[in-house]
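Heads up, there are several structures right after this.
Here come two complexes built around chain A, the first alongside chain B, the second alongside chain C.
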Partner chain A sequence: MKLIKCIIRPNKVDEVKDALAKLSIAGMTVTEVRGHGKQKGHTAIYRGKEYNVSLLPKMEIEIVVPDNMADDVVKAVVQAARTGEIGDGRVFVLPVLESYRIRTGEKES
Partner chain B sequence: MNQADTAWMLISTALVLLMTPALAFFYGGLVRSKNTLNTMMMSFISLGFVGVLWATVGYSIALTPGNNWVGDMSRLFLSGVGLEPEGAIVAITIPHMLYMAFQGTFCIITAALISGAIVERMRFSAYVAFICIWSLAIYAPLAHWVWGGGWLADMGALDYAGGTVVHINAGVAALVAAIVVGKRRDYPSSSLIPHNVPFVLLGAGLLWFGWFGFNAGSALAAGPAAGLAFVTTMLAPAATLVVWTFLDMMRSGKPTAVGAATAIVVGLVAITPAAGFISPMNAILLGAIAAVPSYIGLIIRAKSSLDDSLDVVAAHGVGGTVGALLTGVFAQKSLNGLADGALFGNPYQLVVQGTAVLAAIVYSGVGTFVILKLVGLVLPLRATASEETSGLDITGHGEEAYMHVGTTMSAVEPGPGARAPQSVLKPASI
Partner chain C sequence: MAVTQPGPSGPAHVAALEAARSELQSDILRGVGGRPALERYSDRVDAMLRQLFAEVGGADHEVVVLALGGYGRRHLCLHSDIDLLILFGGRIDEEFLRAFLNPLWDLGVVIGHQVRELDEFSTLEADNPEFLLALLDARPVAGLRVLFERFRGVFHTASTHAYILKSLLELIDVRHAGFNATLYQLEPDVKEAPGALRDLTAARTIAMLTDPLLLRRGPADPARVDQAEDFLLRVRSSLHLSAGRNQNTLSHDAQERTAELLGYPGAEPRQRVERLMSDYFRHARTAHRSLAWARKGAPVPVGPNLGISRDGIRFLDPIQAARNPATWIGAFQAAIDADTAVSEEALSCVQQHVDRFRADDFFPDARDQSALLTLLKPKKGLYERLSEMHDCGLLGRVFPEFQAISWRVVRDFYHKYTVDEHTLLTIRNLERICTTEVPYRLRFRNILGEIDRPELLVLSLLLHDVGKWRDDDHAIESVRMAVEAVERLGLDADARETVLFLIRHHLRMSLVAFRRDTEDPDIVKEFSAFIGNEERLKMLTLMTLVDVEAVSPETLTTWKEELLWRLYVDTYNHLTQRYGDEVIERNQAGLSDLLKQRPDDLSVTEITRFLEGLPQRYLQLFARDVIYRHVRLARDIHPDEVHLSLERGDGSVWSLAVATLDKPFLFSNICGVLSSFGMNIIRGHALTNPNGLVLDVFQFTDDERFLELNRDGQEQLLHVLEEVVSGRGDVAARLRPREQGVLHARGAPRFPPVVRTDNQASGRYTILDIVATNALGLLYRISRVISKQGCDVDLVLIATEGEKAIDVFHITKGGSKLTEADQQALTSDLHRTLEGSL
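After this line comes the complex of A and B, so read on.
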C-alpha cells in the first residue's frame, strides 16, 4: 500500500476529487494547510504596518491505495491540479506498513 | 418643534445606519472566506462615499421642491438646512438637518444592497465609482418622485418607507449589475457556499432591529403611525418566517438557517411600503403571502445561469414588488388617513401601485445599465482571473479575514530598503 499525499491549490480540490472519483478511489482525507515552496507570499497591511505573509493557504489530500494503483493516481492528481504557475504544489508517495479498520479491528492488506 | 419626535428620530436614524453594517454581516457570511472582507467593505464603503454625496448633492436632487422629475438643487452643501423644522419638503416637527440625516441612511443602504449581486468578482474601485454615480442619478430622482413631491407622489402612489425607492430599485439594479458584470468564473461549477452561517443570522437579526427605525421612523414622529409601522414590522417578517419554514420542510425536509435569515429579510422588504398603511392582521397576511414568490424566485435563480450571488433580486426585487402591490390591496384609510386599497373598495389603488412599480423597474433598469457601461469605459468592472482565484481580500485590500498571526507572518519594518520579507520560519519543502 502507498500513502499519496497531495498538497494543492485550494481551488483545485474539486477537480482533483473528480479525477480520483474516475479512478474509483473510495476514501480520502482533506486538510486545510498553510505553507510555501518557491511561491512567494503576499504583503498584508494591518494598522499601518506592512507584513509579509509567507505561508499561503493550500489543501492537503491524503489517499491510501494499493501499490499497483499509485502511478495512475499520481498522474491523475498532477494532471487535475496543474495550472503551470509557481504554487501548484507537490505530491509525495510514501510506503504504508500496516492499515487497520477501526470499526472491525481487522487488518487490511 | 417636538422634542419627543426629535428623540425618536435621533434613535431611528442611528437604527437605520446600523442596517448597513448588519447587511455587511449578512452578505459577508454568505460568501467564501477569501472574499469576506471585500464583501463586507462593499457595504461599509457606502457609509463613507454615499454618506458624503447625500449631504453635499443627493439631498438637493431628491428632497427639494423642483419639478415632477427632479429637485431644484436648492440645498447643495446643506445650504439652508438648519435646526428648525421649516424648509423641509414635508411637514415635520424635528430639525430639518435630522430629517436630511435620516433620509441619508436610506440612500446609503440602498446602494450597498446592490453589492450582493456582484460579490466575489467586481473590482472594488469600479464598484465604488458605480454606487457614487448610482446614488445621485438613480436613487435621488426616484426618491424625489415618491417622497419629494414628484409625479408618483402626485398620482397617489403609496410607499411608506421605501418599497419602491429602496427595494425594487436595488433589486432591479442588482439584476442588471449581475448581467453586465457577468458571473463568477467558477459559477456554477464550484461549491460557492456560505462560509459563516452565524454571520448571516447575526446580520438578519440586526437588520430586523434596524428596520424598526427604517419603518417606524418613516412616520417622522413618535406618534400612533410609528406604533402601527412598528407592529407591522414585527409581525410581517414573523409570518414570512413561518411560511418559509414550511416551504423549506416541504422541499428538503429540513428548516434551513440561511433560509430563515432570508425569510426575515423578505418579510421586512415586503412590509416596508405598507408598514404604516395596513392593519397588523393584514401585515401577517402580507408577510405570509410574500414568502411564496421570493421562495420560488430563489429556486428559479439557482437553476438559471444568472449569478445574482446573494439573491438580491429574489429578496428585494420580488419581495419589494409583492409588498408594493399588496400595499394597494391592504391599505386602510381608517388607519392611515390617506387611501384605501382594493380590499377596502378602492381597486384603483392597485393600478397606481403597479404604475409606481413599473416606473421604478424601467428607470432603475435602464439607468443602472447605462452607468455600469460608462464606468466600464474608464475602469475595468471585473477582477482578473488570478485575483478571483486568490480571493479579493488579499488582492484588493491586502488583508485576510481569518489569519493565524504569529505563525504565518513576519513584520516588515517600514522604511527605505526594508521591504524584503523576513520569514521567521524555515521554508517548508512544498
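After this line comes the complex of A and C, so read on.
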C-alpha cells in the first residue's frame, strides 16, 4: 500500500476529488494547511504598508491506495491540480507498512 | 397654622382647634412631637372639618373633602398649611364652597385648597406635578367616600403614575441641587434638604409607584426608616413651636433650643447640640440611602413610556404600550443603549398584542423607519435583542419575510442551525467583530469601523436567507422578498441597491475566495469589476465572514479567514490602484443605458466626449443623475474658467463638484480653500480625461457651521474658490491665520505616517499611497508637495476613516511614471511634511 499525500491549491480540491472519483477512490482525508515551497510566499501591501504572507493557504489530500494504483493516482492528481504557475503544489508517495480498521481491529492487507 | 382673628360664627371650632393645638404644643414641649402626636393632631383637625362639613349641609351635596400631602399622610405639623381637595361628583357648587371655606378662613388657618370636578381627572394635569404628587396621599376626611373611590379609579392609572414618577425624579434632582446635593449641612432644612423629610416621602412614593416591597429590601431596616422619620418630625415640630411659624431650618440658634427641648444630655449647650446633630446626620443618612435605593430600584424613565429597572426595560404604562406598537422598537433600542435586556413583563405585553398589528404599524412614519434602521446598527446586545424580538413574535411581524424562515429546517451537510437562528447568528458574529481584540480579527474590525452605514449590512444579513422558505435558488427568492421589505422601510435608492446587491450576491465572495485561484490577476480583476467600489467590498467581505462563521462552529477556520482577507486586499488594491488603467471607451458596457435615458438638454456627443478617457470606475461611483449634472457642469468650459456646484447631501455632508481645465496646483488649491473655510474633507475623487478636463468631487463636513451661520456663506466659498483656482487669489495667505492659530496647531502625528510609491500596480501611473493622521489642511499640504516636485495629479481617491486619512494619488511627471530618484525625493519631502519638519 502507498500513502499519497498531495499539497494543492485550495481551489483545485473539487477537481482533484472528481479525478480520484473516476479512479473509484472514495476514501480520502482533506486538511486545510499552510506552507510554502520554493515560491516562499510573497509580500502583500495594504494601504501602503507591507505585510508578509510567507505561509500560503493550501489543501492537503491524503489517500491510501494499493501499490498498483499509485501511479495512476499520482497522474490524476497532477493533471487535475496543475495550472502551470508557481505554487501548484507537490505530491508525495510514501510506503504504508501496516493498516488497521479501528472498528473491527482487523489488519488490512 | 396661624390663627389670626377667630370668626364670629364658629366658637366651637375655635375651641376644638385651640384644644388640638395645645395638646400638640405640650407634646412638642415634652419632646414627643413626632409621628404619634402629629397623627393625633391630624385626627383632631379631621374631626373639626367633619363637624364643619356637617354643619354646612355637606351631606346634601355630591362632594368629598380630601386631605392631601403631609396632611393626607397624617403628618400635619403645628404651622403647616392644611392642604385640601374639595372634589365634586358633578358641577362645582359655589355656595357650598363658600359655606365650607369661609369659616376656615375666619379661623385664621392657612388652607391650601384645590377645587375640582371628578371629570377633570380624566385628563392629566401635566403642568402641576407637585399637585399630582400631593394627590397620591389623598385621604377622605368628610363627605362621600364612594366619590373618593371613583376618584381613585380615575386618577391611579399607569400613565399618570409614570408621569408622576418621572416628575418626582426631576423634582428631587432640582431640590437636591439647591443644597449642593449634600446632606451634611451645618444648618439643615429638615423638610427640604437631602436626607430630610421630603427624601423619606419620595422614597416611599417611588416604592408605591413601582414596587411596594422595594424598601423592605433596601439598605435600612424599615423600623430604622420609621425612627428617622419620627426624629425628623420631632425636630420639625420643635422648630415650628419655637419660631411660631412654618420654619424648618435647623439654624445654629434653633439647634440649641431643639437640643434642649428634645432632652439631649450635656452640661454645655455645645455638647447637647453636638449630640442632636450627630443624631440628625445619622437619621438623614438613613433617609438619603433609602431614597438612593428606591431610585436605583425604580424604573428610570429612558424614553416615551419606557423605564429601566432591575429586570431591564419596562413599559411604564403597559396599557398605553399595548395600543402603540410604534413605541415597541424603542424598548429594544433603549435596552441596547443601556446594555440591558427587555423585561419579561414588556416582552409578554408585546407577545400578547403583536398579532393585532401589521408591519407598517411598527414604523408608521419616516422617523420610526429611521429608528428601526438605527436599531440595526451593529452593537453589543443586538443579537440578544433581535432574539427577544423574534421570541415574542415582533421580528416576524416587523419583517414578515423573516417570519417565513422561522424554525425552518434545511437539511444539508454543513448547516447546524435552523435558518432563522443561522441568520441571527450572523448578526451576533458581526456584533462581536465590533469589539473583538483577537489579533487576526482586528483587520476585520477596522473595515467594519470604516463602513458608512453598517446598519445596511445588518439589514442585508437579516434578509439574506429569507428565500430559504422555498427549496430552489434562495438568493433570488431572498431578493424578491427583500424588495418589499426595503420599500416598507423607505430606504433611499443607494441604500436599497446596496442591500439588494449584498443579498443577491452573498455567496459570491466565498465562492471566489475558497474555490477560485485568487492568485490569478484576472480573477481579481473580474471580481473587482463585479463589486465596483470599496464600500461594497468591505460589506461583502464582512457578510461572507459572518455568514460562513454562522454555519457551524467549525466552518470558519483561520485558514479560510486568511483566504478571504487576501481576496479583500487584492480586490481593494485593484479598485484603488488599477482603476486608472481601465478607462471608458466608446462601446463601454453600461454606456448605452446612460445615453438612452439622457435628459433632453444633453446630446450623445456631449456625454461621450465628457466620459471618454475617464476611468470606468467613474460610472460605478456616481448615479446617473449625478453624471448628467457633471456633464452640464463641464459644458462650454474655457481655459480660465472654473465651474462649480455646491450642494448639501444627506445629513451634515456637503458635496462640491469642480470642473475646469487642468492647471498647476489645481488640486492643492481647491483643498486649501476648503480648509481655509474650516471644512473637513472626508471623501473625494479627482479625475482627469485626455482632453485636459478635470473633475474634482469632494464631500466635506462643515464642522464650524460656516455655511449654516452665514447667509451668503455658499457664495463666499464659491467666490474664493473661483478666485484661487483661476490664479487671482492666494490660498497660502488665506490658510496662514488658521495654521498659526492654536485651535488647529498640529501636534505630533498620532501614528507614524505611511508614504509609499508603487510603479508596478498601474500601467500608466505611479501610485502614491498615504495614510496619515487627519488634520486641517492635510490634503493641501500633501498635494502642494506633489505639485512642487513637478508631478501631475491625475487621479485621487480620498477617504477618511476616524482619525486616519487614507489617500491614493495617481501621479505622473512629464507624462510618464516617476523615476526611482523622483520617487525618493517625493517620499522624503512628504515624510518631512507629514512629520511637521517641512
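In the analysis below, the second predicted complex is superposed on the first by the 101 of 109 C-alpha atoms of A that agree within 3 Å, B and C clash if a C-alpha of one lies under 4 Å from a C-alpha of the other, contacts with A are read in each partner's own complex, and residues count from 1 in each chain.
Rule of thumb we're sticking to: contacts are C-beta pairs under 8 Å (C-beta built on N, C-alpha and C of every residue); 3 or more make two chains touch, one makes a residue touch a chain.
Values in this document were obtained by computation on a predicted structure and should not be read as measured data.
Once chain A of one complex is fitted onto chain A of the other, the partner contacts of A:K75 are absent, as it touches neither chain B nor chain C.
Within the superposed three-chain model, A:N11 lies in touch with chain B and with chain C [touch as defined at top]. In the superposition on chain A, contact of A:R90 is made with chain B only, not with chain C. Contact with neither chain B nor chain C is seen for A:K22 once the two complexes are overlaid on the shared chain. Touch criterion met: A:R34 reaches chain B and chain C at once. Once chain A of one complex is fitted onto chain A of the other, the partner contacts of A:R47 are limited to chain C, with no touch recorded for chain B. Counting residues of chain A touched by each partner, chain B versus chain C, the larger count belongs to B.
Residues 9, 11, 14, 34, 44-46, 49, 53 of chain A are contacted both by chain B in one complex and by chain C in the other. Interface residues of chain C, counted against chain A in their complex, comprise 514-520, 557, 559-560, 562-563, 566, 569-570, 572-573, 754-756, 758, 769-771, 806. Residues 7, 9, 11, 14, 34-37, 40-46, 49-55, 58, 89-90 of chain A are the ones touching chain B in the complex.
Of all residues in chain B, only 186, 189-191, 389-390, 394, 398-400, 403-404, 407-412, 414, 419, 421-423, 425, 427-430 touch chain A in the complex they form. Chain A meets chain C in the complex at residues 9-12, 14, 32-34, 44-49, 53, 57, 83, 85, 87.
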